[in-house]
Each structure stands twice: as structure tokens, then as C-alpha cells.
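You will see two complexes here that share chain A, one where it goes with chain B and one where it goes with chain C.
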Partner chain A sequence: MQIFRYIVARCLHAVPVLLGVTIVVFLSIHLVPGDPIRIMMHGRIADSEVAKIYHDLGMDRPILLQYVVFLKNALVGDLGMSLIQKAPVAVLVVEKLWPTLMLLAFSTALSILIAVPLSLLAAFRRNTWLDTAIRLGSIFGFAMPSYWIGLLLMLFFGLLLGWLPISGLGDTPLDQLRHLFMPSLTIAFFLAPILLQSLRSAMLDVLTSEHIEVARAKGLSEWRILIKHVLRNAMIPVITVLAVNISWLLSGAVVVEYVFGLPGLGSLLVRSVGYRDYPLIQGLAFVFGVLVVIVNLLADLSYMLIDRRVLRS
Partner chain B sequence: MTQPLLAIEDLTVGFHTPHGSVLANKHLTLTVAAGETLGIVGESGSGKSVLCRAILRLLPSPPAEITAKSLAFAGRDLLKLKPAEMRKIRGQDIAMVFQNPMTSLNPVWPIGDQVSEGLRIHRGLGRAAARQVAIDILKRVGIPSAALRVDDYPYQWSGGMMQRAVIAMAMTGQPKLLLADEPTTALDVTIQDQILSLLMELQRETGMAIILVSHDMSVVSETCDRVAVMYAGSIVELGVAADILSAPLHPYTWSLLRSIPHLDAPTGRLATIGGQPPDLARLEPGCPFAPRCPVASAECRALPIALKTLPGDRATACHFPERVAQLDQRAAS
Partner chain C sequence: MAAVAEERQTTRRNPLLRELGSWSSSLKCGAAITLLIVLAAVFAPWIAPYDPNAQDFEALLMPPGWPHLFGTDSLGRDIFSRVLYGARIDLVIGFFTTYVPMTYGVVLGAYAGYKGGWFDAVLMRIIDVAMAFPFLVLIIVILAILGPGIQNIYISVFILAWTMYARLARAEMLVERTKDYMTAVKVLGFPQRRIILRHGLPNVINSSIVFSASDFVLNILLVSGLSFLGLGVQPPLPEWGAMIAEGRDFIRDAWWMATMPGFAILATGVGLALIGDGLAQRLGERHHTTV
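So, the complex of A and B:
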């Protein structure tokens, strides 16, 4: 019952945030300096034509009314028409959503697989050369720019060894995983160090708790203490870090998608900005916003699985 | 005489700090017989808790350094055991109950799971069997409807219940020696009494020995067979509880006893011990209590002091134990 109440409460919390997203996205086009229509047409357009386009798009109506129309349309999945591709924005976005989501899920999983064992090792051998080596290595990975790592990986695994495809997205699910491996690894180079460092320091923090001494007095081994009594407690702050960074990666993956020629939202965003396709940019911003809200909702729900104390409130 | 359960001989625990080495326990020698209750009293920082942790070898090294002629438990020198052998003793032969029940349990695991964890590790019990043992033992320590509450999380329990759970956890291994490090300090007075009674009951049933650390003289007088009084890392007085409480032979013990307020005594300022406990990093050569002692003389500050045995199974670390009797006379007049 408590669990059900918690889930409902978390979902309800997301609603005002989503409304906020729609307001910001809606206003963004009105905050663009200058006249979007004139900019789009590079100024080669008569005033009467501009006025006609404004009228056709409903942009001469009161702003509040425009927002209500935008919101109503957004609710039924209508995000307007792309000016360049002459197709519904929603269709274009959904088409490219899948590769981006796969990329994010794959790179998050890879990062966790890399960060958790290494941080356990660093915490177990804290303040030894091994700990220092792991931390230095992670900073090294973190410091290298994504496009550089991406190119190096392509060169090594793709061209030199010929193990993995260097661009595009395959057809069968297995083939897609093969195509997504290098882009995901590139992102993991950035994400895993963040997880590793925060997990390590959270674990060292938990290690000073009194219940750890109680566990030692019970005769548990250091490894069992780390895995059972430290890791789970240390995950709580790290989930927050993970959620924030996945949200950030949504747009941060743009470069990686571009380098590896993945047909995802990032590549679409870069192109639509290049063409100044405002409805498409708006639609993409809206989708990114919604995804961020969903990621954070998932983080909230996973707290519940790890630490029942969140059910108290 | 039969072999004592625990025989500590010349135990010294030092901590290396940036400001030099600090001795938290100095040349401690004491024994605990099977089934007896030894009380350890003293102010904060006198080394009581360090002693418990040294026995279980829970102090991280570095910075701690433990040396002793012997630290024998049931004939085995604990200091010579390998880490894996030591782990088999912890929670099985020697268990420990800690001061603060609110932080003694891991907040993210169910209580029953933590209570029976030792059994799963040491005796290879299955999940279902371990859960049943947890229910039985929680029932034994007085948790009502234990079968329903075994899967609760610590935040759902009160401090007194949690301390019962911690005691249950310590009892799962049927220990021969229980180290109770101020088990009632964090609890309110009525609960304190229940927890102490529970410990005594469990002792009668199992015949385990208890080392009860406390700074509360009344707790010690109610429960302990023998008492060791600690000051600045050393034992300053050792003997049968009734003897020490009725006729102390160290001015520090005398001062501690005098500072207990009595219900029938006229109200006024409570008796205190003037001054501060000494800084363990900067001890004078003489008796560490001399600066605060009401009957100290020049020799006390100059002559090094050690625990000396007196007739009647007593020992004191005072150069002039006969002066304590004068204190009583002085206080009476």
C-alpha cells in the first residue's frame, strides 16, 4: 500500500514539471531574437507574405491562446510540421527515438558494468597503489573528449582489427548491438568515471558508519561487508548522480551520434539547427524534456527498491 | 584454579597520530571467568571501548597497534590468530553489543536478515532456516509478534526494540563472552532497566560471561560480580563489586562514587571531580590522577605507578590507598 502510494505520488510530482517543460519549450521560439520567419527565409520575402505565414501558423493570435493550442496538440502527440522536411515533427522524432534510447541504455549498462567492480576494488584496497591507479585511469578517461575517443576506437577496433562496424545502425537487434557497442563505449568513457568516483567516495563514507563495525563484530569478511552492507547504501547518492548525467547525456550524445553516423535524435537535432527548422527544434526540445522527466522518475522509483526509508514520508 | 575464559596480560593499545603516539590502553592485566560479569567503569576517553574493540581485534591497524604478553580466550591467543580464524570467533564465541542501537543496524536491510546473517555465514544455514531462527531469537529477547516483524526495516522500530534486535543478533552464535559497550547509554531510563534485565536473564540461561562497559556506577553495582575502574587508559582499581563499591581503595573510585546523587540526600550542588581527564598524548611521569586527586602528595606526581595486588582479591594503582579512608572521614566532618 505504501509502495503504491509512493509510486502515485512520484508520478503526480512529474506532472507540474512536464507542464513547465511545455511552457519553456513554447516560449523558446518567441524568445529567439529577430523574426524567425525572416531568418528562415534569409530575408528574401515580402512583408505581406510574412504576415500570411504568421496567420497560417496561428502566430498572430494572443500568446496565451497559442500556448493552449500548442499544449492541446502536444497532448495528442501533434508537435506541428517540419518546415524543411514537410512531415509531422512527431513522426520524425519517433523514427529517431529508438537508436538514441538504445544508445543511452547500452552506455549506461556498460558504465555500470565498468564502474561497480572497479569502485569496489578501489574501496577494498583504499589508499593503495591500486586505488590510485583506478582513480587516475578514470580521470584520464573522463578528460578525453568524446569525439577523440570515438575516433580512436574506430581506428583501432574498426579499421585496424576490423572487429566492429564503424558507422550506421544495423537491421537485426543483434547487429544493432554490434553497431552500438563502440558509441556506447565512447559514452561510458565519460559516464563510468563519474559513477566510479562517486560510488567510491560514497562507499568510503558508508564504511565509517557504526553498522559496519557491527557487521565486522559479527565475523563477516571485508568483501561480504563491501558487497552486502556498503554497496547498497552507497548506491543511494549515486543514483542521483546517474540520473543527472543521463539527462545531460541526452543532448551530450549528439557528438557521439554524429561521429558514428547513428540516425538518432542527436543527429536530427544538429541537422534541424543547421536548417533553422524551428518546429522540429521545438519538438526535439520537448521530447528531450519529457525524457529527462522520465529518467528522474525512474531514479525516484529505484530509490524505493534500494532504501525503504523513502516510503516513510 | 581453573583456567579463566579470558586472560589479558599486559595489553597495550597505541594509536599513531600526527601528534605522536597515544596509548589508549596501558599495560592492562585482567581475567574474566566463565559465566561472570565484569564491569568496566570510567569517564569518556578512559579506554573502555578501546579495550572491547582490542579484544575482538576490531581496531583498524594502522593507526592502532595492539601489543600484549597474551590475549588468551579459552586458551587461544587471539593476537596470534589469522584474520580468517579471528572472524570465526567474532559473533560466535565472542559477540558484541554496541552503544547506539539506532546506528547499529544497516538501514537498508530487513532486521531479521541482519539478525540471522551470522548463522548463514558461520553455520551455513539456509534462508528459510535462518529466518526461523531470527523469529525465535527475536521472540526470546522480547519482540512482540516477532514472526510479523522479522521483515521490518530498522526505521520502523524504536531504539529499545532495536537494542533488543542487536542483542538478539549477538546471541545467535551462543557466545561464551559478550562484550556490552555501554548498551544502555543511548536509551531512556525505563528501557535501560529492561535491557539490563534481559542481558542478565540471557546470562543465567546460557552461562555466558559478560564484560559490561559503563560510566554508570548504579548499573554496575546492580549487575556485576567484579569491577575494573579505568582512568587514562589504565586500570586503577580492580576487585569484587561489593568491596569496591562499599570501600574503594583508589581516590578516583571514591570520587566517582561520591558523585552519584542520592534520592534521600539534601539537594544542593552535585559532587564533581575537579579538572579534566588528562591528555593521553602528554602524560606526566607519576600517577595520572594526581592533578585531580584530593589526597595527592609530591611523591604521587613523581613516582611511576602500577596496579598492585592487595589482600582479598583486590588491586589498586594508588601509592597511598590508606588515604582513601581519610577522605571518608573528611567528608563526614
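So, the complex of A and C:
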């Protein structure tokens, strides 16, 4: 029962944010100074055609009514038509969703694989040269522009050594993983340091807490203490940090997709800004917003699985 | 008496040295790197061996060496000089995109935390929604609306970037509000403005100051990233991100074109991040790199 109440409460919490997201997305096209359709077509369009497009888009109706229609359509997955590509926005977006999701999953996994062992090392050997080196390394990773490190990886592994493909997305799943490796590594360069920092301080908190003392007193091996007691308790910060940084991660993905020519949501966004395809930009912004809200919701729900104590609060 | 006077004099004589002596090594290193880059930016016209926009068709795509330290680009321009002048652009944009939103973000957050009520509720909902979008995506949407260019980057960052500072200041104010000194100034009948600005603000601003160092780095990365995407500073201005974008097309034949400006961004970022690290230790804050 408690679990059910917790889930419902978390879901209800997401509703006003989602509504806000739809309002921002809806209003964005109305904030274009001047006439968005004329700007899109660079003025080479007759008045009657402009009026027809506005009518087709429903933009000649009262604004509140427009919003209600927009909301209703969004609920059933209708995000309008792309003016340039002459196709439903939802179809275009869903096509590009998969590469972006794969990139996110792969780069998150890679970042965890880098950050967890290093943060353990840093916490166990705190205030030694090793700790300092790891901290310094993470500062360097944080300060590197992702598009720059992407270009350098491309130059080294792709062009010089010829080990990995430098752009696009392959056909077979294995080939896709090969194509995604360098973009994911690029994202890991800035995501792993952020994880590392929070993980190190979380592990330090756990290492100095009483239940670790008790575990030591019981004579458990250091290895067992590490796996069963430290890592489990450090899981919550990992999830929190990942959830808090999902919007940061998505921002990075936009740039990285563009650099590596991955056919994902980010490169589609950059391209549609060039064409000023407003319905498509609106649809993409909406999907990005929904992704962030969903990830935060999933993070809230996963706390429940790791630590039942959140149910009581 | 004499000893006391003398002691007083020594402490008075070296306040700057004493202050420097108390800095941690990361603060010292960070400040040194940042100072070096700021000086390079200020004195760029005297240090730079060439005009950053002078094209030399006799020396196209020259590798790093002498007399072109960082080599030349596809138009024969000296990359070292361009990187130096680029510091002027990136540092100035980074500074304003960080500290302008911080000013009103902190005040808004402190006010909301102190007052509570509907103002607080509305502000928090706005922040929740703004943070539901990836920062870069919202900036790109605003640039799609207003058109690309540096002026519109300023506008879009000013619209969005205050949210993080407001959140930090509000959280701190909620704690400060209950402390005795706050009750004291309230009992003394000080006007609200004075309570929040003169008594609350100095105590809630630390976390924002620590965050601002990381934010400075993030903003330089953001602006250069937007320029790399072609939405920010336009060529031929020697902005670092725009230079990397120009070098991207020549990555096979002239690796230095894209590589050298990146080192400038990296050095600036490391300097500022070290300052942030040192300030976090000094002001007793947890490090905030999260956005």
C-alpha cells in the first residue's frame, strides 16, 4: 500500500512540470518576433499561402483554444507536421529517438564503469597522491569541450589508427556499438568526472559510518565490506547524480551527435534550427523535456527498490 | 607597548601576503593560470606576433613551429595570435553570462526563501519547468526564435541561467531565516529590504560563489559549443569554438587548426575549476558541478 502511495505521489509530482513543459513549447512559436512563416520561407511566399498555412496549423484561432488543441494532440502523440520535411513531426522524432537513447545508455554505462572503480580508489587512498591525481584528472575531463575531445578521438582512433568508424550509425547491432563507442567515450569524458566527485564524497561518508565499523568488528573481509556495504549505499548518490545531470547529459549528446554525424534527436535539432522548421523544433523540445521528466521519475522510483526507507518519508 | 605596536605593524604590512599564504594549492594554481590567461587577453595586441585577421597566402596550413608557434590556418592566419585575441572574446562572454544572471538569481532566490508564500511557490514552479529542459536545448530553441548570434546568446542565457542561483540561494535562506540574528533584526524593526540584502544575502551567497566558478567554465564551454554549431560568434572573429569548427574541415591535413584553440579552452577551464575547488574547501561548501 505504501509502495502504491509512493508511486502515485511521485507521478502526480511530475504532472505540473509536464504541463509547464507543454506551455513553454506551445508558446515558443508565438514568441517569434514578426511572422514565423514568412521568416521560415525567407519572405518568398504569397499572402494567401501564408494565410493558408496559418489556417492549416490552426494558428488563426484564439490562443487558449490553440493550446487546448495542442495539448489534446500531444496526448495522443500528434505533434503537428514538419513544414520543411512535409512529414508528421512524431514520425520524424521517433525515427531519431533510438540512436539517442542508445547513445545515452552506452555513455552512462561507460561513465559508471570509469567512475565507480576510480572513486573507490580515491576514497580508500584519500589524501594520497593517487587521490590528488584522480581529482586533477576529473578537473581536466570536466574542462574539456566535448566537441573538441570528440574531434581528437576521431583523429587518433579513426583517422590515424583506423580502428573505429568516425561517423554515422551502422546497420547490425554489433556494428552500431562500434559506431557508438567514440561518441559515448566523448560523453564519458565529462560525465564520469561529475559522477566521480559525488561518488567519492558519498563513499567517504559511508566508509566512516558506524555500520562499516561493525562489519569490520565482525571480521568480514574488506572485499565483502566493499561490495555489500559500501557499494550498495553509494548506489543512491549514483542514481541521484545521474538523474540530476540528465539534462546536462542530453545537452552534451546534442553536440556529440552533431560532431559524429549520428542520426539522433540532437543532430536533427541543430539541422532544423538551420531551416527554422518551427513545428519540428517544438516537437523536439517537447520530447527532450519529457525525457528529462521521465528519467527523474524513474530515479525516484528506483530509490524505492534500493532503500525502502524512502517510503516512510 | 613597543612589541605590540611592532606586531601590529607587521600584520598590517603584509595583509596581501598573509591572505595569499592561507590559500590552498589548488586555489593558488587556479588563480595563477587564470591570471596568466587574463593578462594574455588584456595585452594581446602587444604579445601577438601577427594581426589575428591578416591573411598570408604564402603560408597556408603551416604546421606549428617558427615563426608561427601554433601554425597557420587555411587562410594563412597565425593561430597563436588568433588564440590570444580569442581569450578576449571568450573570457568576456563567459564573465557576463555567469555574473549577470547570478546577481538577480541570488536576490530572487533569497527573497523567495525569506518571504515564502505565493511568490516562492510561483518562482519554484518556473524553475522546475526551466530545469525540465536540457539547458542547451532551451538555448537552441530561443536562438531558433530570435536568430543566431552573440547578442541573442546573451539574451537567452539571461532568461535561463539565473534559475540555478535562485535555487541555491533559496535553499540557504530557508536555513538562515530561522537563526537568531534574523529574529534580532526583525525585532529591531529593520525594513525587509535591508534584512534581506544587508543581513541575509552575505550569509546565503557562498554556495553561489562556489558554483559560479564551475558555471564560468560551463558557460565558456556553452558559448564556444554554440559557436562550433554555427549558432554563436560568427567567423572571421577569432572565437575559440568557431576556430575549432573551422579546423574541423581540415582535421586530416592540419590537426593543429582544431587542436590549438581547444587547449586554450582547456587551460581556462582547468584554471577556473581549480579556483572553484579551492573556494569550495575554503568556504566549506560541497563542490557543485551539477547543473
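One rule holds in what follows: the second predicted complex is superposed on the first by the 286 of 313 C-alpha atoms of A that agree within 3 Å, B and C clash if a C-alpha of one lies under 4 Å from a C-alpha of the other, contacts with A are read in each partner's own complex, and residues count from 1 in each chain.
Assume a contact is a pair of C-beta atoms (placed from the backbone, for glycine too) under 8 Å apart; a residue touches a chain by one contact, two chains touch by 3 or more.
Quick caveat, the model's predicted, so the values are computed rather than measured.
Because the two structures share chain A, they can be overlaid on it, and in that overlay chain B and chain C fit beside each other without clashing.
Applying the stated contact rule after C-alpha superposition, one finds that A:94 touches neither chain B nor chain C.
In the superposed pair of complexes, A:51 makes contact with neither chain B nor chain C. Of the two partner chains placed by superposition, only chain B is touched by A:306; chain C is not.
Of the two partner chains, chain C is the only one touched by A:142; chain B is not. More chain A residues lie in contact with C than with the other chain of the pair chain B and chain C. Aligning the two complexes via chain A yields an angle of 80° at the C-alpha centre of chain A, spanning the centres of chain B and chain C, rounded to a multiple of 10. With both structures placed on the common chain, the touch criterion links A:8 to neither chain B nor chain C. Judged by the touch definition given at the top, the superposed model places A:109 against neither chain B nor chain C.
In the superposed pair of complexes, A:68 makes contact with neither chain B nor chain C. After the two structures are overlaid on chain A, the closest C-alpha atoms of chain B and chain C sit 15 Å apart.
Partner chain A is touched in their complex by these residues of chain B: 56, 58, 84, 87-92, 95-96, 98, 100, 103-109, 117-118, 121-122, 153, 155, 166, 169, 173. Residues of chain C that touch chain A in their complex: 125-126, 128-129, 131-138, 140-141, 143-146, 148, 214, 217, 221, 224-225, 228-231, 241, 244, 247-248, 251-252, 255, 258-259, 262, 265-266, 268-270, 272-274, 277, 286-287, 289-291. By the touch criterion stated above, chain A contacts chain B in their complex at residues 209-211, 213-221, 224, 228-229, 232-233, 236, 306-309, 312. Residue ranges of chain A in contact with chain C, taken from their complex: 16-18, 20-21, 23-24, 28-29, 31-33, 135, 139-140, 142-149, 151-152, 154-155, 159, 193-194, 197-198, 201, 241, 244-252, 254-255, 258, 269-270, 272-274, 276, 278, 281, 284-285, 288-289, 292-293.
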